[in-house]
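Each structure below is given as structure tokens.
Shared between the two complexes below is chain A, which pairs with chain B and chain C, respectively.
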Partner chain A sequence: MALGGLGFLMFILVALNILAAAASLALFAVAIWVAVDGYKLYAISAVSGKDDIFAAAWIAIFTGFAFFLTCLFGIYAALKRSRNLMLVYLIIMFIIFIFECASAITAATNRDYLVGNSNLVKKQMLQFYTEDSSNGKRITDTWNRVMQEGKCCGADGPTDWLTFDSTYKTNFPKSFPWPENCCEKLSNSEVKNPTSCQTGGQALFKKGCFQHIEWVLSNYTWAVSWYGFAVLMFVFFMLLLAMVYYVQLD
Partner chain B sequence: MKTNVVIRLVLQLTVCTYAVKSQTATPVLTPADLQGKITTNTVILKQPHCYFNETCSDCEIWLVPAISSAANSFDGDSTNNNILTLSPYPSAFGPQSKNYFLTKVGPQSDFPCDKSSDSLYFVVGSDGNCTTTNCNGILPTGSVVSFKYVLVQTSRITKVTNWSANITLFTPQKPASIYDGFVARSGAMVVITTILSVALGLLLIFFIVLCAVCGQKKESKPITGRGSMRMPRYDTHNLKDRVQPYENSAYEPERRK
Partner chain C sequence: MLAVLFILGTLCPLNNAALDISLLDPQLDDVLTAKFSDGFLLRFPNCTSYGGQDGQVLYQIIKTDEKLSENFTVPNCTSDKQAPRGLLLNKLQNGTLYSVWYKIGEEISLPLNSSTLPVTKFSEINDGLPARSGAMVVITVILALAMAVLLAGLISLIFISG
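Now for the complex of A and B:
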């Protein structure tokens, strides 16, 4: 290949590495956003033992930053026209590629387990809400917050509390048919209209909470897996180009 | 002409009887939008406005919740003088019991016809698991129940409504019966997994090919050294004829003698 062609290839490679460095830094930031869990729904995945969405986010934090550093190294290796450096660059990128693949696939698969339908969330709510264990406290706090903030009740609706037995019913048999937090509350956390809450009138939140939970966990998943997938596809074609460049170097 | 008259008379009669029949009211579930209309052991009914036409100062409206299969049992007892205490609530339900009880709703004057509204309701079972004879106690969980409003005057039933339709209370299932296993693969997961696996495989193959190609190139390449001389034979002295360099001419005569 003529020297002019090689120079052009080097220029392309440097430009692509700069873009990949920026994209992987964004992956790093997005993965941090997922790991921080602003919606505070980690308890729902942790108690069921299926918190791989967050594990995948942690992997993506490391691979995102590693991609960033390696791309900067790749710029240096391409400019230096050094065979050995390019080989090192290719090997490191390949290893990080494998880890990022694992992260994207894990997040997507685990989301299907967790929020494919409302059964897992519903069963967990019925068993752990107001249960006197550490898991129970976490679930109770999470659901109390979700029901009040999202103005919802139960997984699919208030009838979940009627159709199924629950720890709540066993612990509070003389109370409302559904938890207090299913109803509108005053700022001093008392039920606004107890009669309406008891009969299920205006004061009761009628929609189910599963939609909100599924929306949040899906957003976390798509951030890690679809954006990770996009970065990986870009890096894939960049690595092919880097291999061609390596072969043309002498 | 005569047949015409007869037909008209028959029609009028059926209309009259139908009108009389429809005057007997039927208790219904509250039409209001209440999520707790039917629970595992309570029911919310529409209030008995306009169910009884009587105007009597001491009339009271009572409710008869009964297991649907025991409705006939109440109908047989309804003319009894002591009907109000015949089946007290605490012992009302069971295999040997009458499976109905009576509880007071309110005086007839509380339910005038012109105040009828869908938003007014009456909760059956609001007293919980109570102990008095005519308290508004909860129903057996998951049973099929029917209701009847009755007009009571001086502790005797004077008028009744029809039985309501059968209402099935919720039978709560165990949460362990919910199947929370794997449901289905979403399309996104399949796409991501297959494309990434293929990409990884391709990358690996290209990497191996790369190393193989570059390894081969290294061995077959001849070493060219531009600056070094190569000659098959190297002599330090540049002699064209091979002669002995040191020849002793004095030695030759001795050899001739």
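Now for the complex of A and C:
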């Protein structure tokens, strides 16, 4: 290839590496957002042993930053027109590519297990809510917060507490048919209208919480998996171009 | 005249003159449900006729002899929306057919037959993988192909440079 063509290819490669570096940094930031879990729903995935969405986020933190550094190295290798450096760049990028693929696929698969339907979340709630164990405490705290903040009750609705048996009913047989956090509360944490709450009146939150939980976990998944996929597709074509550039170098 | 009064009297026996019993209607009475796994939500007797009076709600499992009762007071008529909508009869067995009736003074309502809700064990909920989503399949297939293409390209490069 003429020197002019090679120079143009080098320019394109440098530009693509700059874009890839920026995109990778964004992946790094988004993965941190997922790992931080601002909605505090980690307990729901951890107790079920299906917390791979967060594991994938941790992988994406490292691969995002690794992509960023390697792209900077790629810019240097392209400007130097060095075959050896380009080969090292390609090998390192390929290794990071594989890890990031694992992260994207893991997040998407794990989401299907967790929130493909409401059964897992519902069963976990019925089993662990008010259970006297470390898992029970985590689930109880999480559900109490979710029900009050989301103004919801149960996974699919308050009837979950009627249709199925539960640890809550076993531990509190004489209490309300559903947890107190299913009802409006005053600022001092007392139920606003205990009679209306107990009989399923206006004080009871009638929508289920699964929609909110599914929305949060899906957002986490799409952040890691779809954005990771987008970065990978961009890097894929950039690496193909880098291979062409490598072949053209003396 | 006496015959007419006699006929009217047989048609309108005193023991169910105005006292009736029913479950609350979730759609009309703004409650979630009138049937629970351990009880019922019963409509109070008419507050105009019985407001302030003490009464009993009697119940028994159908085809058994044991009759149980609980005392209550019929609330006075009120427009307060926070007032109880109905009488909660609980501590019953789940999935069981009961006969329930009111007694206020000498008046007894007709019995109401209703079943409490059956309860399913939560351990029977199937929490396995429901289905693989399209997104997961697409991502997996495309990335697997991309990895294969890159690997093939890298091996070719190493051969060429060798």
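Operating definition for what follows: the second predicted complex is superposed on the first by the 250 of 250 C-alpha atoms of A that agree within 3 Å, B and C clash if a C-alpha of one lies under 4 Å from a C-alpha of the other, contacts with A are read in each partner's own complex, and residues count from 1 in each chain.
By our rule, a residue touches a chain if its C-beta (ideal position, glycine included) is under 8 Å from a C-beta of that chain, and two chains touch if they have at least 3 such contacts.
Given the structure is predicted, the values throughout are model-derived calculations rather than measurements.
Colleague: Here chain A is shared; do chain B and chain C fit on it together or clash?
Modeller: Pair status: clash.
Colleague: Which of the two partners, first being chain B and second being chain C, lies in contact with A:Leu19: first, second, both, or neither?
Modeller: Neither partner.
Colleague: I'd like to know which partner A:Asn193 touches here: chain B for first, chain C for second, both or neither.
Modeller: Second partner only.
Colleague: In the overlaid three-chain picture, which partner chain does A:Val36 touch, first (chain B) or second (chain C), both, or neither?
Modeller: neither
Colleague: By the touch definition at the top of the document, which applies to A:Ile95: first (chain B), second (chain C), both, or neither?
Modeller: A:Ile95: touches no partner chain.
Colleague: Look at A:Leu79 in the shared chain and tell me whether it touches chain B only, chain C only, both, or neither; answer first, second, both or neither.
Modeller: neither
Colleague: Now that the structures are stacked on chain A, which of 4-12, 76-84, 148-156 or 220-228 shows chain B clashing with chain C?
Modeller: 148-156
Colleague: List the residues of chain A that touch chain B in one complex and chain C in the other.
Modeller: Dual-contact residues (chain A): 90, 94, 97-98, 101, 104-105, 108-109, 111-113, 116-117, 119-120, 122-124, 126-127, 158-159, 162-166, 177, 198-201, 204, 206, 225-226, 229, 232-233, 236, 239-240, 243, 246-247.
Colleague: Quick one: which bits of chain B touch chain A in the complex? Just the residue numbers, please.
Modeller: Residue list for chain B touching chain A: 32-37, 39-40, 44, 121, 123, 128, 170, 172-176, 178-180, 182-186, 188-189, 192-193, 195-197, 199-200, 202-204, 206-207, 210, 213-214.
Colleague: Enumerate the contact residues on chain A facing chain C in the complex.
Modeller: 83, 87, 90-91, 94, 97-98, 101, 104-105, 108-109, 111-113, 116-117, 119-120, 122-124, 126-127, 158-159, 162-166, 177, 193, 195-196, 198-202, 204, 206, 225-226, 229, 232-233, 236, 239-240, 243, 246-247
Colleague: Which stretch or stretches of chain C touch chain A in the complex?
Modeller: 26, 30-33, 36-38, 41, 81-86, 88, 117, 119-123, 125-127, 129-133, 135-136, 139-140, 142-144, 146-147, 149-151, 153-154, 157-158, 160-161
Colleague: Provide the residue numbers of chain A that touch chain B in the complex, in ascending order.
Modeller: Going by the criterion above, the answer is residues 90, 94, 97-98, 101, 104-105, 108-109, 111-113, 116-117, 119-120, 122-124, 126-127, 157-159, 162-166, 169, 174, 177, 198-201, 204, 206, 222, 225-226, 229, 232-233, 236, 239-240, 243, 246-247.
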